[in-house]
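Below are structures written as structure tokens.
Both complexes shown next keep subunit A, but they swap its partner, so subunit B is in the first and subunit C is in the second.
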Partner chain A sequence: MIDVILNTIVSGILIGGFYAACAIGLSISFGMLRIPNIAHPGFIIAGGFLTYYFNKTFGLDPLLAGLLIIPIFFAFGFLLYRGYNRFFESKRDEREGQMSALVLFFGVLMIIEALLSVTFGVDFRTVTTPWSSIVLHFGSVGICLRMAVPFLCSVLMVCILYLYFSKTYLGLVIQAVAQDSMAATLIGSDPRFAKSIAFGISFSTAAYAGTLFVCLVPVEPSLGMQFLGRVFSIAILGGLGSPLGTAVAGLIVGITESLTTAYIGSSWTLAVSFILLLIIIAVKPTGLFRR
Partner chain B sequence: MSMKRFGLMLIILVVVASFSMAGGKAEGQEGSDTEPIRIGASLALTGNLGSAGKSILLAWQICLEDWNAKGGVLGRPVELVYYDDHSNASEVPGLYTKLITVDKVDFIQSPYGTPAITAAMPIAMEHGMVYPGNAALAANKEFNYKYYFSFWPLGPRQVEGIADLFFEAAMSSGEKNLTVAILSEDNEYGARVSEGALESVKKYGLKVVYNDRYPPSPATVDFTPVVRAVQNTGADLFFVGSFPQGTISIIKACKEVGYKPKLFGGAMTGVAYAANLTELGPLLNGVCACCYYVPEPTIQFGNVEDFLETYQSRAAVEGVDPLGYYNPPWAYSSMDTLLKAIEATGSLDQTVVGDYILANGWDSVVGKGAWDPAGSGEIAESRGFLVQWRGIESNDLSEFMVPGKQVIIAPEEYQSGPMLWPSPLFED
Partner chain C sequence: MMKKVSFELIIPGIIVACIGLLIAKLVSGIYFFYVCYAILQMIALAAAWNILGGYTGYVNFGIGGFFAAGAYTSIVLLKYYEVNFLVAILAAGTVSGILGLLIGYLSIRVRGIYFSISTIAVSTILQMVVLNTPFLGGAKGFKIIRPPAFPPFSNYIEFLFLLILLISFFAVAVSRLIEKSWIGRSFLAIKDSEQAAETSGVATLKLKILATVVSCALMGIAGAPYPYFITLLEPYSAMGLTLGTYAFAAVFVGGRGCWFGPIIGAVLLGGLQQSVTVMISSEWNILVVGLVIIAFVLLAPNGVVGLLKGRKKPVLLKKKDRV
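Right, the complex of A and B next:
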């Protein structure tokens, strides 16, 4: 009995870490930049497909392939923000800007899906590595590397982002711009540059989350649209703009889903997760870690 | 924000959404010297069922090309009008209403899969259209529509058919007091699979120790908790009704948690697609699933091999499932039977064509046969069989194109080898 509980909780922790990796970029773009980038899950899937491409074409380990695509996504995010700022954000007040962003990124999400379908087809794609099927046993607890490696990568990603935003000069500037863009300008920072960097980082996390995704389960082009609700809910639950909060929210959702599946029934998994989300949001509307 | 700007954004949103809704391609919209006969359908060309939808589309296109090369039907060319339903059954009724009332197609073909086919059934009935079905599990059970013709090889016992094959094979082991776990995807297909499995289990006097459904992809990312819950029951037989992503993930999860039931599989869709076969490779060893074509010597259905040769040469170029073992032969037959009926009756009248198909049965690359006399719209005799994979040593596609690796273990008439019991799951 204890064995089953332990294994179930471990599964929840592992999948929760992966959820955090998926949601953390959205937390940055929505929480810090106030850009509701609903195309974020689409970029995650795009990251998964590019990883698949590098793995199949050049035989690269997916984790290495993921590192290679990060600069591409960073540059794309950086430039996309410049374009967004030039044509949308700077011409509208915040509320209008968010409305524009919803429309813009909804379109981007569908363009990504169409491009992936045309380029890679609509079959499910995944990568299998020599470590994918290895299961490590710690007493009665079995941990499959297919789950554990994405979890560890997610933890690393959260730690790096946490340190970056709290300890580096540029990270602190981004936080300052997120809090009060005008005041940040007065002390000599360039909000547009800071936001471009933050958006690039957000896209980079999407790229690597995609890498982890394609290591975990098969992906197909439309998964981004279908994954939208879960990614948003975890980002909101954790408190927008908080890497640590997103990680905790991911773990809560992962463990809840896992325990629900094991002890209530897998058909209740989503319902229980969203009930939990509603309760936490009702008690703390800003999410777990948002000040 | 001014009303004008808000209105502009709303228009952009609607336009973008419209592209999404009708993202497919409508062929044959333009007229020609001789008015074409137009066949309309929606298909899952994107989304989680896109692989199946695209392979069906290719089969239909090959069929239409064959007919047009012979001079068409009733001396007129035949054209296809189709839309992408994004594997989303809720989009299907709207698309079929558009096909019938706006595009004014002459005939329709069903979309792919139980949820979508069921969703379009009321539209077909309302307009009295002949409705050839492409891969649904007992879609006509509640409707009893006279002109629904299911081109799916399970026969009248649709709901119990796959489960019967699976549990019959388990019973043939001679082992007593076997316990059963049933797990299926939480959609129309999964519901019917579960229902059928429960009926079948009752018939064979087996004991169910687990019965649940999981939320459809991508809501369930990690299947290890659910598989561990099944493992905890100690079920001897693990019967699964899953869509492709679930199929792959459940097989991997079983391997990872070390769960080796004596028989595992059943109604796992997607195992016939090349992408999934090559993804799973040796992990398929010992798994049993219902299939409709494998290159085994006991399978002699019509001209399937000839069709597959054409299909495979085209599929490689068009980036569609390169094997075509699952839907394509039946999809070709579905279109071919409809066109033969139009040609034979010399009529475009739905009732005349429908009555002809009802009376004359089906006759195409998958062979020929009659319809269920009880009026279910299913073929009279089942053509499904249970395959047990064995001896798969790599993830290369060629492993699945030779006899002896996908051995038919039930029913007896198609059996190409003995069942390995207990299943040597995941063994190289």
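Right, the complex of A and C next:
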């Protein structure tokens, strides 16, 4: 009995860490830059497919392939923000802009899904590595490396981002711009550049989260839409814009989902994050860890 | 008020019904009715969405959920209790309207993207409930056999066509009534600034709830004949994001906050969607719709209606204020 609970919680923690990796980019783009990038899960899936592609054609280790696609995604995000700022953000007032931006990114999400289905087909794709079938046993708790490796990578990612935003100069500038971009201009920073960098970082995390995704479970183009709610609830739960908050929120959702799967039924799992989201929105819309 | 309603709803309604009957009599191809049904349903959903999204500015992504709530209510009533079709439609509207009330209460606390995401949440939770309830067909869904055609129709689809024609007319007429009345003006005030509206005596809370309830109820009504149209009602296709996406895309293409915007948008988008699906493939169809949405949001924020009315110059911030 206790073994089952223990195993469930451990797998919840492992999956929760991965969820944090998925949501952290959104936490940056939506929480810091006020860009409602609902296409974020779409880019995660795209990252997963690219990793799959590199793995299949060049035989690269997926974790390494993920590092290779990060620069591509970073550049793409950087340029995308430039375009977004030039053609959209600077032309709308904030309230009207947010609503249109939602619809805009919804269009982007649809395009990603369609492009992925056209190029890769709608089958489930996954990668296999030498370590993916190894299971380690600690007493009665079994840990599958297929889940543990993505978890460790996610933890690393969260730590790097935390250190980046709290210790480096550019990270602090991004935070300053997020708080008050006018004031940030006064101390001599370029908000547009800082935001482009932050958006690039957000995309890089999406890329690597996609890599971890494809290591963890098979991916398929329409998963982006399904992941939307989960990613958003974690980002909001974690108090947008805080890497550590997102990590904790990811763990909460992961563990809750895992317990739900074990004790209520796997068909309810997808509802968990949404119910948590509705509760958090009704009770404390600023999330658990808003600074 | 009653006189106005009768002029705006009943008399044009009878005219529309007559035209619909005439079309049903004159056109014989079945495919024509399928295409028309899809487009009319899109008009109904778009007009319904427009009441909340276009007038008050609250973006509802959960269209599929409210639509399917109506569809499931009607099929449950028709299949298990064998009620009259009209009763089923009214019940579908009521159930979705109650769900809309829930969303309305959510809108007290949250706005913008938080509101939009919670509508997705409500819609997904509904999907989970349907998936896990054998009474509602579960994942297998309902298989529906269409009843035989009855005069004056030579095929059941003609009856469905007439039904959805009237429903979409009703949805558009309701949104027009709202737009032309003080309610519509209050909605616009809410859209521009909720605080300013509240300060000038607009009962924002009541009106927001009114908007969500009417909007969602109309979606439910639009869903009521859907089981008979699709003949296999299952949670994945009925409650997915796709159906709803087309609806609000239609509003964006046509023009927001304007009662005939959804009609233009749905006809254009529906026509495009049908032709791409038939000529190329359904994956390209999603791609094309996505591109159309992006193009309209970027280039023609007020849709076709905005283009026709002449471009209002967007208020540009001064260069130094742009961030």
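We adopt the following convention: the second predicted complex is superposed on the first by the 272 of 291 C-alpha atoms of A that agree within 3 Å, B and C clash if a C-alpha of one lies under 4 Å from a C-alpha of the other, contacts with A are read in each partner's own complex, and residues count from 1 in each chain.
The working rule: contacts are C-beta pairs under 8 Å (C-beta built on N, C-alpha and C of every residue); 3 or more make two chains touch, one makes a residue touch a chain.
Computed from a predicted structure; not experimentally measured.
**Student:** Between subunit B (first) and subunit C (second), which does A:4 come into contact with in this model arrangement: first, second, both, or neither?
**Tutor:** A:4 contacts subunit B only, not subunit C.
**Student:** Between subunit B (first) and subunit C (second), which, if any, makes contact with A:258: first, second, both or neither?
**Tutor:** first
**Student:** Which partner does A:220 reach: the first (subunit B), the second (subunit C), both, or neither?
**Tutor:** first
**Student:** Give one of first, second, both or neither to describe whether A:274 is in contact with subunit B, with subunit C, with both, or with none.
**Tutor:** The second partner, subunit C, only.
**Student:** Regarding the shared-chain residue A:99, is it in contact with subunit B (first), subunit C (second), both, or neither?
**Tutor:** both
**Student:** Is A:181 contacted by the first partner subunit B, the second partner subunit C, both or neither?
**Tutor:** second
**Student:** Touching subunit B in one complex and subunit C in the other: list those residues of subunit A.
**Tutor:** 92, 95-96, 99-100, 103, 106-107, 110, 113-114, 117, 265, 267, 270
**Student:** Please output the residues of subunit A touching subunit C within their complex, sorted ascending.
**Tutor:** Touch list, subunit A to subunit C: 30, 36, 38, 87-88, 90-93, 95-96, 98-100, 102-104, 106-111, 113-115, 117-118, 181-182, 185, 191-192, 225, 228-229, 232-233, 236, 265, 267-268, 270-271, 274-275, 277-278, 281-282, 285.
**Student:** Under the definition above, what is the set of subunit A residues touching subunit B in their complex?
**Tutor:** Touch list, subunit A to subunit B: 4, 7-8, 11-12, 14-15, 18, 92, 95-96, 99-100, 103, 106-107, 110, 113-114, 117, 121-126, 128, 133, 135, 142, 144, 146-147, 216-218, 220-223, 226-227, 230, 254, 257-259, 261-263, 265-267, 269-270.
**Student:** Taking the touch rule as given, give the residues of subunit C at its contact with subunit A in the complex, in rising order.
**Tutor:** Its residues touching subunit A are 57, 59, 61, 106, 109-110, 112-114, 116-118, 120-122, 124-125, 128, 131-132, 139, 193, 240-241, 245, 248-249, 252, 283-284, 286-287, 289-294, 297-298, 301, 314-317, 322-323.
**Student:** Flag every residue of subunit B that touches subunit A in the complex, lowest number first.
**Tutor:** The touching residues are 1, 5-6, 9, 12-13, 16, 19-20, 23, 45-48, 50-51, 53-54, 86-87, 183, 186, 212-215, 217-222, 224-226, 228-229, 232, 244-245, 248-249, 252, 255-258, 270, 273, 275-276, 279, 319-321, 395.
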